[in-house]
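Each in structure tokens, the structures are laid out below.
Consider the two complexes below, in which chain A is the common component and chain B and chain C are the respective partners.
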Partner chain A sequence: MPRVGRLLHGAGLLAVFAVTIFPFYWMVSSSFKTQTDLLASPPVWLFTPTLANYAEVFADQKVVGAIVNSLIVAVFSTGLAVVLGTPAAFALARYEFRGKSDLWFWFISNRFISPIVLALPIYLVAQNIGLLDTHLVLILVYITFILPIVVWICTDQFRSIPRDLEEAARLEGASQFDIFWRIYLPLGVPGIAVSAIFGFIFSWNELLYALVLTRRAVQTAPVVATSFMSGYELPWGKIMATGTVIVLPVTIFALLVSRHMVRGLTMGATK
Partner chain B sequence: MSTARPRPFYTGYGRLTPLWFLAPAVLVLLVIGIYPTLFAVVTSLRRYNLTRSRDGFPFVGFANYQQVLGDPTFWETLGRTAKFFLCVMPFEVALGLGVALLLHQPGFRGLRALARVSLVVPLATTYAVVGLLGRLIFNRDFGIANSLIGLFGVPSFDWLGNSAGAFAAICVMDVWQWTPFCALIFLSGLSMVPVEIEEAARLETASKTALLRHVQLPYLLPGLTAMLILRSADVLKLFDVVFTMTRGGPGAATELISVYIQRVGFRVFDLGTASAQALLLLVITIILARVYIRFFYREIE
Partner chain C sequence: MPRLATTGEGAGTGFLRLEGIEKRYGAASVINGVSIAAREGEFVVFVGPSGCGKSTLLRMIAGLEEVTAGDVFIDGARVTELEPAKRKVSMVFQSYALFPHMTVRDNIAFGLKMSKVPRAEIGRQVAEAARILQMEPLLDRKPRQLSGGQRQRVAIGRAIVRHPKLFLFDEPLSNLDAELRAQMRVEIARLHRELGVTMVYVTHDQVEAMTLADRIVVLRAGRVEQVGSPDELYDAPGNTFVAGFIGSPKMNLVAATVTARDGAALTLANPSLAAPLQVAARHGGGAQPGPGIGDTVLLGLRPEHLMLGDGPNRIELTADLSESLGGSTLVYAQTRAAEPVVLQAAGRQTLGKGEPFTAGFDAARAYVFNKDGHAF
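Moving on, here comes the complex of A and B:
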């Protein structure tokens, strides 16, 4: 009996792994198929791989440009969110002041806002001041959902830094800014890095704002991938190769922060 | 006042110090978040149809709200969103719990670690790409879904071409992507059970269900509440996967609330109505967020 149980346990674990990974595997393997293999029915499992799809993707200025756009937007929005968010996290972690919990709630509640709610008004405002189809508008909008994550994770991290350190620094006449800059920032690097990785992932993956706020010049990678889905015969190989190129970097990042995944997605609702 | 309150043990800062640290973040969020929202409030009180901009954008009071609240499509869409939530959530919770229990069970260290790490992959996969994958997997002619059901003798099926099939297909993709989320939350709940208690219980009873019900369940419930609330907020936000997979179709079979508002705003260009809809959605979201915060962030106060 225990042996059967053990067997079932092993089979169950294998099944979990297989089902979880399958769509990812299917995308990657499809990206190495020729159109004939892709359209085969029933689908083929064994085939001669081709790099033609990737050659096509990297020769396509639109895709390459879109990846560059995504990179610019993700790096700058995450960077700005860290610059703005770490001091705020420091204040929330270290000071007592009136309205602190309200402020905290307000930061956190941004996690719940549906992008479509902000996308409409931001579209109208951006149109009025000529910011449509610029990197800047996406960078600014993405801050609204990256900043709360940075504030949450960094507040948590800063709270865990022992207070003796700053007491000592204060006795030597360090200002509050010195304490933030010389003690909390350096010691908070692990938390800051985790929050930055989350910021990058969320920004990289975002579709709705990018779809609405950009036209031609700054289309991001998800928008371009989506745009292939029109016409009669879809270039499935190219679509899957583009998908792989988009998903690969964030998957690697996600594996780096896999221990913190739940915290990042729930904003710490579960510890 | 002479009644000295107990001095806080740490007072090395002025009253305004927190402000300097907080101001940049608060200002930026105010400008990017609140200002456009106010703009949307104004827009929602106007007739603001971009395809008929020659008439100008006159104020019409609450006409847009009246229209939205009386619009059967809006309610149908909300109902469909609720139905979607009710369809995916039981699967995500049940499968998530099963996966968590499998991963928590001792034995097979390497395989367990591998399965645990793999759970991160769906969570990080770009939603738009999940939608594209869904289109490939559920393709009528060469999709793997059809060859899979073919193994059980079920004839091929045009998933994305009919209402029930398309709805089922977006549900399947959602369950695939978010079951790991539930599994990881349950798993962290299970790991909170003190080891001695769990060991003692294992000695006492061989029954796994008894162990689950009397020992582990209390540690799983907070996570379950978190899941329900976060997932309901996420379903209200759900756009990317549906948009890339079905565009809300066929007909309106998969048109969830975010997809619908996006269509009214950016494919029909009736921004007045769409703003009213978005603000109503915002109200629903704020209520949800308050409930959520009530539940989970009490410790901060």
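Moving on, here comes the complex of A and C:
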């Protein structure tokens, strides 16, 4: 029975893996196919790869510009959310103050609302203060999404830091800021890294608000990728290559940051 | 050895002084009016069972815990509301509380850096601390690369570089294995001798208390049970709690009846005692009325004061079990009234279960406690 169970477990994992990885595989492999190979039925599995689609993508100023826009928006929204969220998380993790649990709930409740509900009001506000089609409006909107994630994950991370460390630092003359800056931030890196990845991926992939709040100047990568779908012909090769190019920065960022996500960074502090 | 303050109650002078300290968490009272004083350079140990409030008391001296009522004085200054860093105290935590992301060097230098000591001076101080604690080769390692004993040493190093007026130790050895614990104990004693700084040390281990302390404060349920030098507590425990806590194995307590009283001298009888026992009061006997004829008292006999075979006084026992410690043997036995008695006999003894034997003792080393536990 355990043997059968293990087999079933393995088969299940394999099925999930195949289902999740297949679209990704299809996107990457299609990006190297010619239009003929792409539309072949039944699909061809072995083909002569071509870089023509990529050449087309990088020749398209719109795509390159969109990736730059996405980078600006993702880096600033994630960065600002971390800068604002970690002190908030520190306070929530280590201080007792009135309304603490309400504030905590408020942070989480921001994520209860379906984004579409707020799309129109935010559009109207942005229009009235002249922020439509700017990097700033996307950065501000994305921060409202990322900040709760940062606060949420980092509060938990900071709570797991042994209190003795803070007390030892206090005895040594560290100010509250020193304690935050020299103890909690370095030891909170795993949580900060996780929330930064979430935030970055969110900003990078976000489509709804990018579509609603931008026109020409600040179109982000997902908006441009979908824009290829209009018209009479679907340039699948270019769409797939664009998709691959869009996925690349997040993947690289995630790989860079994952190094810091190791558990047990606090090992050796106590005991 | 520094001279000892005479009393634990409301001592008016001292380098470290606690006056009427109370601590309550809501309705729960943790410390109930503690007043003690320590002289400069003294090594004071707070000892007691877990939950007695000894760590809380230490944390209140450090300033990590607020005082509900009472005052803390360090070096003549009232520090009750002063923040921890300004009290000029260093603390070694049970968990060591080393900063895991910093090297040993940075851990030791942390406090100096916080007080903006010039870099060259920090280097000198760290080197000096490393020398005293013999850990120069470890300076560039991270805490996780160190053994428990080495971590403890780093924690002590971090404490000494700041030249505190007062050292606080919160059960610093309880995470170490037995051998290392003994070794570090000696090292802490040496450190105290070398630095000559006042130290307050919290432990639940009576061996640490006995070996390290100039003076022991025995705490129970947030109250001071007795204050005195290790020998004073051993020789004249104020009550059965202190008697049971100081000394290992614990003091035996056997019920006995007072058959005669002549001032501070009592005559006791017990079915297991071979002959009526004459005992003199250790605490003067006059301070309290004390037991009268016909009263039941507790006769305290330390295991190490009971000898197999003969002695000036004798008690008849029945053996249950013997445990050889190599050099000596612990014999677990019973009186005729089935009260447990342990005795520590020299050499190796083989007493089987149910074997009757006689243990001898000197009445001068017997203790008498009232029924309520107070020493007579």
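Basically, the second predicted complex is superposed on the first by the 232 of 271 C-alpha atoms of A that agree within 3 Å, B and C clash if a C-alpha of one lies under 4 Å from a C-alpha of the other, contacts with A are read in each partner's own complex, and residues count from 1 in each chain.
FYI, a residue touches a chain if its C-beta (ideal position, glycine included) is under 8 Å from a C-beta of that chain, and two chains touch if they have at least 3 such contacts.
Being a predicted model, the structure only gives us computed values, none of them experimental.
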**Message:** Just to be sure I read the superposition right, which of the two partners does A:108 touch: chain B = first, chain C = second, or both, or neither?
**Reply:** first
**Touched partner set for A:85, first chain B, second chain C, both or neither** = first
**Prompt:** Which partner does A:187 reach: the first (chain B), the second (chain C), both, or neither?
**Reply:** second
**Asked** Does chain A have more residues touched by chain B or by chain C?
**Response** B
**Message:** Contact-wise, after the overlay, does A:173 reach chain B, chain C, both or neither (first, second, both, neither)?
**Reply:** second
**Message:** In the overlaid three-chain picture, which partner chain does A:217 touch, first (chain B) or second (chain C), both, or neither?
**Reply:** neither
**Request:** In the overlay, answer first, second, both or neither for which of chain B and chain C A:164 touches.
**Result:** second
**Message:** Is A:248 touching anything from chain B or chain C once the two structures are fitted on A? First, second, both or neither.
**Reply:** neither
**Asked** Which partner does A:7 reach: the first (chain B), the second (chain C), both, or neither?
**Response** neither
**Complete:** The shared contact residues of chain A with chain B and chain C are 170, 265-266, 269-271
**Prompt:** Given the complex with chain A, which residues does chain C contribute to the contact?
**Reply:** 62-64, 83-85, 89-91, 93, 95-101, 110-111, 114-115, 142-146, 148, 151, 158, 162, 175
**Message:** Quick check: in the complex, which residue numbers of chain A touch chain B?
**Reply:** 6, 9-10, 12-14, 16-17, 19-21, 23-24, 26-27, 30, 38-43, 83-85, 87-88, 90-92, 95-97, 101, 103-125, 140-141, 143-144, 147, 151, 163, 170, 176, 180, 201, 204-205, 207-208, 211-212, 221-223, 225-226, 229, 236, 239-240, 243, 246-247, 250-251, 253-255, 258, 261-262, 265-266, 269-271
**Asked** Okay, in this complex, where on chain A does chain C touch?
**Response** 162, 164-165, 167-175, 178, 182-183, 186-187, 265-271
**Prompt:** Touching chain A in the complex: which residues of chain B?
**Reply:** 8, 10, 12-13, 15, 17-18, 20-22, 24-26, 28-29, 32-33, 35-40, 43, 98-99, 102-103, 105, 107-108, 111-112, 114-115, 117-133, 135-137, 141-144, 147, 150, 176, 180-181, 184-185, 188-189, 222-223, 226, 230, 233, 236-237, 239-240, 243-244, 258, 261-262, 265-266, 271, 274-275, 278-279, 281-282, 285-286, 288-290, 292-293, 296-297, 300-301
